[in-house]
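In the two assemblies presented below, chain A is common to both, partnered first by chain B and then by chain C.
Coming up: the complex of A and B.
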């Protein structure tokens, strides 16, 4: 056991348990000593920091350790395993939640004790079971961890305001999550079918190792992978199962939103990658499935970012932009499958690495931005961008951190969002190696949509930053905005630092990510990425394209900063100040600025198919003219509402058989029995 | 003479020359476009040096800081200027592979321009003046299709080398196949549209407009004065030149110096100046023929660029492989 206790798996496990115990005990303690909130959150963030290092250690060592723990039911053991993939996601979990918990230490200061205790216990439950999802190595414990994680996320959402909308969002989340779980379960069952009838299906045959030995027909494998895609997709916001996400993520309290978007979506990505590459197995995947995944991802990226531009509430904007990022990750995964299945291991590994890299990046910058949105809302008391404005002057430090997150998510160099999108684009460019028009044109489609979505993201986040942080205040609340507390800033600073380092040292990150991908694909890049130095992104052999965000930053910095400091540092005090010219219009006020909707207008007009719009334009004769516009996700009127109506109609029809008389019910039971027996006999 | 190429820092010297070339020649190119435009419109030209006179005059003037600006307002002009100056070290035009070219491939370069654009739009929104907001927003409205179009054009030209590094693209074009492929032709057409959109030229934006309501680029600079304004304007001039240089690299690379011998460098320089001379006149011609588009029509124009560039990419696979 001495050797086991030194392994990263043991360390991760004990950290997770410590996290759970601290959280639950802390919640109990809080009800007695309300002042303990800050130290408890600080302790928790230290524990997640330890988890980060545990993941990092496992990743650096490339360790792959299994552990079987006795479970509660006889013959059922809990299989645990920390391989590089699990280590990578533990690192992601720890890294993002450290920042979020640090932030929570400051954020919860003004909250009622009861709600802090709620948030605390639910957050730790959520973190523990998400960690469990990454470590589970059999279908049974995976499902347990997965389900509790889903329920914990439901409760996290409910710890927001107690309004009907929040309840509805939480209910929808739970509904889709459970629907997804059923599909995952079905797929596990499909994989556990053995061709040899002699082997008895015991519970131990549900370990991932046993499941990965399955031999399915091509159709069966496609079905299993589709079920996994839909099942995990329901939790990742896959179109068209995404409707809960834009409602749920903004409804939760800020730290919870950050965790749901930064971490939980990645748990779904983890599940999908684990299931596709290990359980179904690369040898059983179809290249057409890769194309499907890629096209879905591309469509999702475009859909998400277009809707993000339309949102005027900062959290809703961020939630829709999560759809874009998940789309990019799915696109990379699908591209990877396509390349690997058509015999191009190098670009395949590259695409898959880019997808995982982007997942890590998204965990950092999206959590940062959600926290930033939380500080905006907290500082102004407003939830709409149209009531904010000018916040950079009141909140210069946190505003700068948000600016960094905005640049990252827009994929602008030298940030981490750029690095991963760059890698993904390089992977799509290898399409010329493919044969077949459909394969090539689908990759081309993916590349074209990817660059379009990335450019639209810059527009969406100029809106986010420009309307929220720049310009003049648009409300009394925005005028009285205040900088956030030191702990909140530290939490955001941690995430910003993480984003920055991931972006400036992409070579080092890529080297570790390739370690995660190689066992999945049974290939590796021919030349290790770090062979050219740590500051370089050079994934393909030496003649290939290269990029160095660090040197780029250094180049622009060396040129810009001296001029900035020398010239403006010496002259700034002497420069004359005057009211803005504004083309001669002196009465500037918050209302003379562009509103958040003005960013959305050209997008609405140019991409009408993506929205379901209802517009009311008043006629000239109208004595009481009102202009009204409502924009909605077209999935509601086209898919969900008809579906709900159908279910209600079915339920009402089924109601008719319920007469309330026991004799009728006995006849029902009797008939069912007869039918079942005859089926058995006939079989 | 033969010793010079072995001198290790010779490549760096050329790089530095490239930067000086872009910084100091960009206003002249602007002046040249103005001269041709004036001649075409039956006006007396203000002279080749007019942009230089404007810049020097602005540099001597006082800076007036608008009340309520944030640090972005002050930081963006030097940033914008030096992003463009720095980009001139990364794009090969006097020599095929400048020592700093590996730092940024074509995709990174587009990203760098995107950083410059984002910074400029953010600075325009800093004060909350209606026209500044409008300019920043419109700039992004133009860019959300021109930027992907630029990338798709880059992808198309990089299909021959399989690499988005600009020196390899140039190298692949020197390897025999003539640059008259249908896909390249389409990409070149798309590039012209992108060029006009990205650099605020007619028919997207009128660089010499005085009507604020129709402005895009100028609206973003309305609050700037003195040296800050000079840096922004000068940076935009560099951007125009850089885009032309990129276009020359991709679609008309003939004559660019392959080695470092002084003669070939000189030939390359002369060829380059000749191309810029012709292209500048071409821009002036386009600007004299076309009227400015209505602002609502701009997405159609840029969408055409995007579709053309995607089509070019597709054509390569359909016709040329």
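Coming up: the complex of A and C.
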């Protein structure tokens, strides 16, 4: 064994600690020297860059190191472990946050010092504890890291505008996160049950290694996996626990929304994969659970993207699109479980790898898009797409970067979004190997939904880019838009570069991701990771379909560049600008373009079941005709509001017990005492 | 009641003291004058001291002598002295006002005693002290003090009920396990003392605010 100080785990730990110290000391320093914001954020981004490389190094070396640190309580040690799965997610965390922190260095320039210090300290706390979640190797420290991460995310949301809506979104987030934590805790407890109960419960028995030795009945295993799904799902936006997500992500300040969407949702995915494959263990998972996960994921993807199309605020659109992407990742995970449980290790590994690959891709392009949405809002002072328009003219460089993100998230080849979704689709097409009709049809159903959701995603982002960046400006703010600062562009550029590389070299990525997945599945894979080439994406080696984005790009380049060159070569200097034909109108204004709502109208019309709509159509006799339409998530009127009403009714019923008289209270305690003693004696 | 439920105490003296304590609890429940209540509380302290001493002699547990000494100092001398001074300062002479009339309370108290003995039977089986038959007495005295807290209207009687409960707990501990560890006993004694001081301060505040000690002024019922 090499010395501890040379291991990736030690490096990751020291980077995370350095991050925490820099952030907290920086926040304190800021209150004295407000001009230090930019260098502090730059230093932080260097540290997250180091974290990225630490993750990458651990991943490439395939290292699996454990470390036990003494904790604060006797007999309770902090177990840490960096295995390929943890390395992969550290890489994700570092990669996405490097871009976000670089962006923050420019973004915070015009903000008040107090707000910057707030954002700085909360961001670093969030990053540190998320890193801890990935490294924790026992239930106790995992829960501590997980809970502090949840609280830090709550404060990240609250560092936005100080309005009641933001506070409400924050509290809803906190409520659902804590509910989820309780379920996770319950599942840990379930796994720690042993057949021979020992009177002295050793706290070290809560290490992940000990928990993974559980022997549960099939029902118990299903219960444990369902509890994990709901618990982590509450933080990942699993339907129907997702209501906080579309409220919270847009409410946070831009770098925070990027982190919440790009990183925190992935932490929940990490928790789910770690819990299902390592703690419950593949041998105890049921194939029906895989189907459940897959169908839920498919439904979530469709639901998320349909709502995304309907949003007019860019950040809300991105938040709903996160639901779609999480749905795709869950679909892949469920599909992987189904294949692995039915004895098809190759497509199973492929599906899981595609899910992890998509998680990495989503971290990059969704952070990029959130930052892009932030620059749009900042440049125009508007929060609605209907008040933007024509931004590409004023923000050509950041607009191009956003366009890259838009292409990636829409799954246009040769981007990374295409690579992972195509891999997942290839995995679904192996359904012919499955024997059961229900299994086969549900996989094909998932495949159909996946394709539909990708197409709808392209539509949603066509709206995002088309209404926001193209056409004529729709407000005074859009007319006066300005390009963002260099640092902001650098941050977005880093994320765009990451997306681009992931898209152009998917074979290399797949090779590494398969190394992450293989230990989890614990099934002998017939294909070594080396079989995956670097230029060619070959999901099912040695034969089967293949794709080479580099080749595609080269081909497209060879075909289009001469034409492009010819065109520009012959037209140079001969450009003239003339007013376009205005369809007979005297002048074209921003109001004569298709609005964000009109883009969404056909979707609203075709999929009415997914929305709860209130429409007021004025009659011809109405003297003051106003067309009014409000679209809402159907979970609010159908699930959450009745639930809230029920709780309030129960609380009011319980209130009657509270008479306010001391003697009555004493009688309550006396009666309780008597009853408890009787139960103890004659139970 | 089957005979097994009533273990004959090894020492007749301890048994006598135990029944005297139970009787004094009933007396507290029945007493109508405030001054007499404090006197009975002091009497309880003396009974407690004596029974601790006799258990100490019978079981040859030296640390119980210290407990007896502390009980004497705190519960026979200091606390009654403080309470009497409190009554004097606050000019409390009048009758104890009850929420439930005394005969009914006494009948309820009888049921409580029967319940306590039935409840403590298995504990007495398990305990290996010389006076294990008296655990039921301790429990009964505890619940009777609780009953007193419920049925009285004035704040001062509540405090006496609370102190009576502490006495009963102490008695049970002596008989079940030869007392709690010394540190715990000292701590509890000190707590009770501080509690009495705090109550005293509160009483002055309450009188200044409401001109009365009736609990109904402290009720949190905005509708009334």
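Everything that follows uses one rule, which is that the second predicted complex is superposed on the first by the 643 of 683 C-alpha atoms of A that agree within 3 Å, B and C clash if a C-alpha of one lies under 4 Å from a C-alpha of the other, contacts with A are read in each partner's own complex, and residues count from 1 in each chain.
By definition in this document, a contact is a pair of C-beta atoms (placed from the backbone, for glycine too) under 8 Å apart; a residue touches a chain by one contact, two chains touch by 3 or more.
Please read all numbers here as calculations on a predicted model, not as lab measurements.
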item	value
Partner contacting more residues of chain A (chain B vs chain C)	B
Touched partner set for A:670, first chain B, second chain C, both or neither	second
Which of chain B and chain C A:319 touches, first, second, both or neither	neither
Which superposed partner A:86 touches (first chain B, second chain C, both, neither)	neither
Contacts of A:9 with chain B and chain C, given as first, second, both or neither	neither
Chain B versus chain C as contact partner of A:659, first or second or both or neither	second
Residues of chain A touching chain B in the complex	389-390, 392-393, 396, 407, 410-413, 418, 422, 425-426, 429-432, 437, 440-441, 444, 447-448, 451-452, 454-456, 458-459, 462, 465-467, 470-472, 536, 540, 543-549, 551-552, 555-556, 559-560, 563-564, 567-568, 571-572, 575-583, 585, 588, 590, 592-594, 598-599, 602, 605-606
For the chain C and chain A complex, residues of the former touching the latter	99, 115, 118-119, 122, 143, 146-147, 149-151, 153, 215-216, 218-222
In the complex, chain A residues that touch chain C	659-663, 666-667, 670, 673-674, 677-678, 681
Chain B residues within the chain A interface of the complex	62-68, 70-72, 74-75, 78-79, 81-83, 85-86, 89, 100, 102-108, 111-112, 114-115, 117-118, 121-122, 125-131, 133-134, 136-137, 140-141, 143-145, 147-148, 151-152, 155, 158-159, 162-165, 168, 212, 222-223, 227, 296, 299, 303, 306, 310, 313-314, 317-318, 321
